[in-house]
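Can you read through this structure? Questions will come right after.
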Amino acid sequence: MNRKLRMGMIGGGKDAFIGAIHRLAANMDGLIELKAGALSINPEIAQDSGRSLFLEEDRIYTDFKTMLEKEAAQPADKRLDFITIVTPNFAHFEPAMMALDKGFHVVVEKPITFTLDEAKQLKAKVEQTGLTLLLTHTYTGYPMVKQARAMVKNGALGKIRKVWVEYPQGWLSKLSEREGNAQAAWRTDPKRSGKSGCFGDIGTHAANLAEYISGQKIDKLCADLNIMVEGRMLDDDGAVLLRFDGGAAGVLMASQVAAGEENALKIRVYGEKGGLEWAQHEPNTLLVKWLDKPTEIYRAGAGNPHLDSFATHNCRTPGGHPEGYLEAFANLYRNFALTLQAKIDGVPPTMGALDFPSVDDGIRGMAFIDMVVKSSASQEKWTKFEI
Amino acid sequence: MNRKLRMGMIGGGKDAFIGAIHRLAANMDGLIELKAGALSINPEIAQDSGRSLFLEEDRIYTDFKTMLEKEAAQPADKRLDFITIVTPNFAHFEPAMMALDKGFHVVVEKPITFTLDEAKQLKAKVEQTGLTLLLTHTYTGYPMVKQARAMVKNGALGKIRKVWVEYPQGWLSKLSEREGNAQAAWRTDPKRSGKSGCFGDIGTHAANLAEYISGQKIDKLCADLNIMVEGRMLDDDGAVLLRFDGGAAGVLMASQVAAGEENALKIRVYGEKGGLEWAQHEPNTLLVKWLDKPTEIYRAGAGNPHLDSFATHNCRTPGGHPEGYLEAFANLYRNFALTLQAKIDGVPPTMGALDFPSVDDGIRGMAFIDMVVKSSASQEKWTKFEI
Amino acid sequence: MNRKLRMGMIGGGKDAFIGAIHRLAANMDGLIELKAGALSINPEIAQDSGRSLFLEEDRIYTDFKTMLEKEAAQPADKRLDFITIVTPNFAHFEPAMMALDKGFHVVVEKPITFTLDEAKQLKAKVEQTGLTLLLTHTYTGYPMVKQARAMVKNGALGKIRKVWVEYPQGWLSKLSEREGNAQAAWRTDPKRSGKSGCFGDIGTHAANLAEYISGQKIDKLCADLNIMVEGRMLDDDGAVLLRFDGGAAGVLMASQVAAGEENALKIRVYGEKGGLEWAQHEPNTLLVKWLDKPTEIYRAGAGNPHLDSFATHNCRTPGGHPEGYLEAFANLYRNFALTLQAKIDGVPPTMGALDFPSVDDGIRGMAFIDMVVKSSASQEKWTKFEI
Amino acid sequence: MNRKLRMGMIGGGKDAFIGAIHRLAANMDGLIELKAGALSINPEIAQDSGRSLFLEEDRIYTDFKTMLEKEAAQPADKRLDFITIVTPNFAHFEPAMMALDKGFHVVVEKPITFTLDEAKQLKAKVEQTGLTLLLTHTYTGYPMVKQARAMVKNGALGKIRKVWVEYPQGWLSKLSEREGNAQAAWRTDPKRSGKSGCFGDIGTHAANLAEYISGQKIDKLCADLNIMVEGRMLDDDGAVLLRFDGGAAGVLMASQVAAGEENALKIRVYGEKGGLEWAQHEPNTLLVKWLDKPTEIYRAGAGNPHLDSFATHNCRTPGGHPEGYLEAFANLYRNFALTLQAKIDGVPPTMGALDFPSVDDGIRGMAFIDMVVKSSASQEKWTKFEI
């Protein structure tokens, strides 16, 4: 392929958090360029944001429908390859469906849609169009998460028995949604966020990570969701007992009222022969624990001979040059871009390129939200995980 | 008081683990001397063990009844002050009752008895005799655990919302009880250990620590106990959702099949204003997290001006001279000894001296075991914590 | 400014390490686009590399002179703004001088030149042309390094007494330069690397960081450089005692034979009231130690209220989303780009934008190399730091 | 042996720091009992201290000469086995010599004497009497220090190239000796402490540890000692470049004005194949770094199969039950006691028992003090280490 891929963006104006992250991630490897945007429904913000990103004037839009209509009509040498959707949860489905209909590949911020039903429709659309969808479950983009998955998969730990995953944050310890915090406002609002707050926002990340690394799927669960801050409308805390289809037992803990915690996603997986521990705060380290010999510190790094090829493929720097959240995010975009390049070039993508979260992860995420909400309201101990 | 306290020991022969720990802990501060022992029911081991501990020949016994009979008849200047019981769980109750009947104070290794009912009888006996009982829940003897408790108590964190406590070990990852491991053999045997394995052994420590620091009592729980190693007779793993009487929600995780873990007890407590994190592997550090300012690293150390008096009272060395498990254990003995000294001298003990686990902790521990076993067998989500 | 800045690159073909890092860093924030390159003197590599970076065919060059000649003649709407030079040390000076002569701003990988004399000539050229030069001393681009510098500057620690800086790597523990390692080959070759190996490569980083944070300049030093691997031509290890002009004493340790170390740059600074500790392996944390209160853990993060404005300016993500080496590198490029934008727009750059290493840092770095080599060969204890 | 060893103590009254530590260490293993003391030259403190330690009235003394005279005349079944000397540095020599003359084994707190010459006389006395002397260089008592030494010795790391040892404390950051701090007063007073402050107090520990682990002896050095706090009479800070007799190069850094540091002794040793890192703050961990495979975390613990026998011999608890400073100190006493027991029983002591610092360590320590003071005053770079 002899050109960068062309990206359009829906949402992500100047005042938004995650849109900027997507752009940093898409920029990093020089494979993608932003060419059009409906960055805000506020015309002034849309305009300002587009200009500061050096968009051409006529490719700055204020509504996504106009953008998709007009951009679909661009000539081949200007045509967008894919659309990134970074609006609040309730506004993912419609633009995603329309983008696919117009022939664009799609990147969606998680959770994939507002409801499980929408997610299913989206999956049908992806299958029908043959287009590619990337769901940005960032944390599976880290090289040492890839390494962990590979070590489970190749049996280094033996049969997996335990999965403990936790995701404490503290930023909703107060009723910030009433104090002018825009992020807090939409994320705690059932009309914009969905039927779960904390578990929709971060619990799904934890569940996705647990299944990704363990190679097992959640089979049944027992949830206890809480609203810890008086006056809040959605859960801000909770814990879930898990049973996996491969026989593992687990616990998933998530909280946004763990005062003083930043974004402390952490997972531990134990098998018959050893265990793994990975924490997002120090993402380049994977602790590998053994029954009969000392714990080993695996470290990320291009050229590190003891790493699996999937881990190596997702490193840019040699060991000791820490890569972080943006690189993990960029790995999603890079693998997505390599897959699109291969499609465009008519060649099969490499395995590594194909390793990114997709619409199936989105459906499991939406089902997870449904199941924890259902279980939390139930007096029965176990709720079967059904899609 | 112008002499050391005199200790007799039941159990704890050469081949045992915890007896040696008790002796190290009792020796450390020079307040106690071992004077008699029924250290083993195996006469040879009893004899050897007693001699290697420099006991006088006529105070080495092979059964506890003879020892208690004969020692009760010693003259005042030789009479034992207290009896330490370090036999397996099923053999705590009888010697403890008899020791109290003979007028000796008692130290018992946890869990206090084999059944909750025995624990209640023991409590009645303690109250009736007016004697003092120390239950060696070691982990509350650490200075930074005292500090954590004090900070919760004085309101530094605001109302407590969350308690996460975990206790992973890996030493039962194989069926070691069939491979000649004596420790494993009795701890996984319902006849010697009780109705729970992992939760009787270490789950109770975690529950005790959670209640001690949070100042709240477990009110209801939802348990999922597992036998992960085929052929085992008692749980070796599990997790419990918790609700506390003060409004906190919590999770307790314990496992003896977390391959590669040593003894990784850890607790996190979050309130409205901040959180605490303490891990037994690095016991001299307490992380104090705040909503609005940087996390602080509190460190143990005599003379450390920012520590609570209960923490300081339980430090022997200045900051940076790490104290560990044996010192925590010795704190229990020291506080117990100071309490006995005060009793003997007819003066009121200091608050710090009184701060050690006692028969009430034992009863809650036994009830905890009952409740988790009951809950784990139930299809109902919540089981009320009742004694 | 309504367009991205245009970059040309000299060196950095497919097989090189640092060129790719520069491109990642330049891409990240969407302010810069690569438009021309003399990426290798090997025509095939130059061609391949240029194409894989989507350069237009006629802007792919095989020698820097041709590139600078032709690019200087481009019309305004295509003209390069600056040239990045990522060749080995001996090939920095000539292209840098020529680029400045042609009116391009310049980015140079460190060390700035091959000799101190060249560095001085380059400084004269920068001053004469009024153009801007960025020297990529990466480590001062980290937000928590900015924070450390700010805390020293504002007197939080009192007068600085101690600076300990260390930079252990292990990758030259064997005679890799004879085993086909191209990086090792040129870096240990006096003809390509200069008069020092380890101290030219990483010792200069440590010295730069020490002066940047402490705000004091090295005044005299006592060096002990070593060649630890037999057959090597340049130092691969050493240590230096330091005295600073502000009264601090210090130690600088650097090694490339610290087997098992990756890239473990670390600095500690102590003043009358407290100390700072920062390690590149966990760059988002700054330990702030105090004489009379607990150590604090400062953490990077946009919007973190207790950070200095220079630190905040160099964060892209909220706390708990780790930024790493590439972001630190990108901070250099971003601040350089913001400075060029301001120049082009005819407005004054912000203070934060101006905060990047420049030709003066380059001169001090070259002098540092001269001084440690001189001192190491001397029997005198102290060598005065002179430029 | 069928009794505890009997200890007498000189110095270590109620108000002293290190005397209490010695007693805790001597008590722990139940091998030693304190039977007599000249604990203070202040009669009231001596009396109070002796009583609180349950000494018999007639074995409480106020001067060491009387004590040694009278105790030498005790009958065999009461006679002291050894004398522990915990007075300030200037008052070590005389009681040590006299104790040996009276036939007592001796324990001396470090530094062994006030001058190198005294140390040599003491050595002659030890050799002449055939008695045993323990010098309490605590830090070599840690099991993971034993492990480190063993791994160097058995060649696991290849030839040792680098030794970095550091010992930062912050407690003398102010002129505390003028503010009523008794510890600070004598330690900074040349008449009581000797010719060096910081390097006599903690620099010697670092040097001892470096030689113990590396198995190499310091051959020449280049020191830079400082007085950082105005008005102080002895060095409170410094750094030393080292060359060892086995070819290693090293750095030793020690400071008592590293504000905010507790007692952060740390050592790193690198050989051709790997490196070791041990820090006293987390003493149960030894990081073992390798050129070609992941870093391993060795952990202390009785029964830990991958530990050397010298490490195991010095562990009391299983892995995960942290042992600390007092246990390290107790290891010195225990090995000394086992050696005395063997002597008394007329059997050869085990190798492990013999592994404690002795008069030769004391002589090297005193020579180290002399050499760093001499080097620091010299304009020559290198000073030969001579005894």
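Brief remarks on what is shown
By letter and in written order, the chains are A, B, C and D; residue numbering begins at 1 in each of them.
Rule of thumb we're sticking to: contacts are C-beta pairs under 8 Å (C-beta built on N, C-alpha and C of every residue); 3 or more make two chains touch, one makes a residue touch a chain.
Protein identities per chain, from UniProt: A, B, C, D = Predicted dehydrogenase.
The structure presented is a predicted model; accordingly, all values stated were derived computationally and were not measured.
Interface comparison, B-C versus A-C: the pair with the greater number of contacting C-beta pairs is A-C. Put simply, the chain farthest from chain B by mean CA position is C.
A straight line joining the Cα centres of chain B and chain C is 55 Å long.
Each chain gets a centre from the mean of its Cα atoms; for chain C and chain D, those two points are 44 Å apart. The geometric centre of chain A is 34 Å away from that of chain C, both derived from CA atoms. Multi-chain contact residues of chain A, defined as those touching 2 or more other chains: 261, 288, 295, 299.
On the side of chain A, the complex with chain D involves touching residues 288, 292-299, 305-306. Chain C contributes residues 2-4, 17, 20-21, 23-24, 27-30, 34, 51, 53-54, 169, 261-264, 280-284, 299, 301, 316-327 to its touches with chain A in the complex.
Contact residues of chain D toward chain C in the complex are 157, 161-162, 164, 166, 168, 170, 173-174, 222, 224, 226, 228, 237-239, 241, 249, 251, 253, 255, 257-261, 268, 270-275, 289-291, 295, 378-382.
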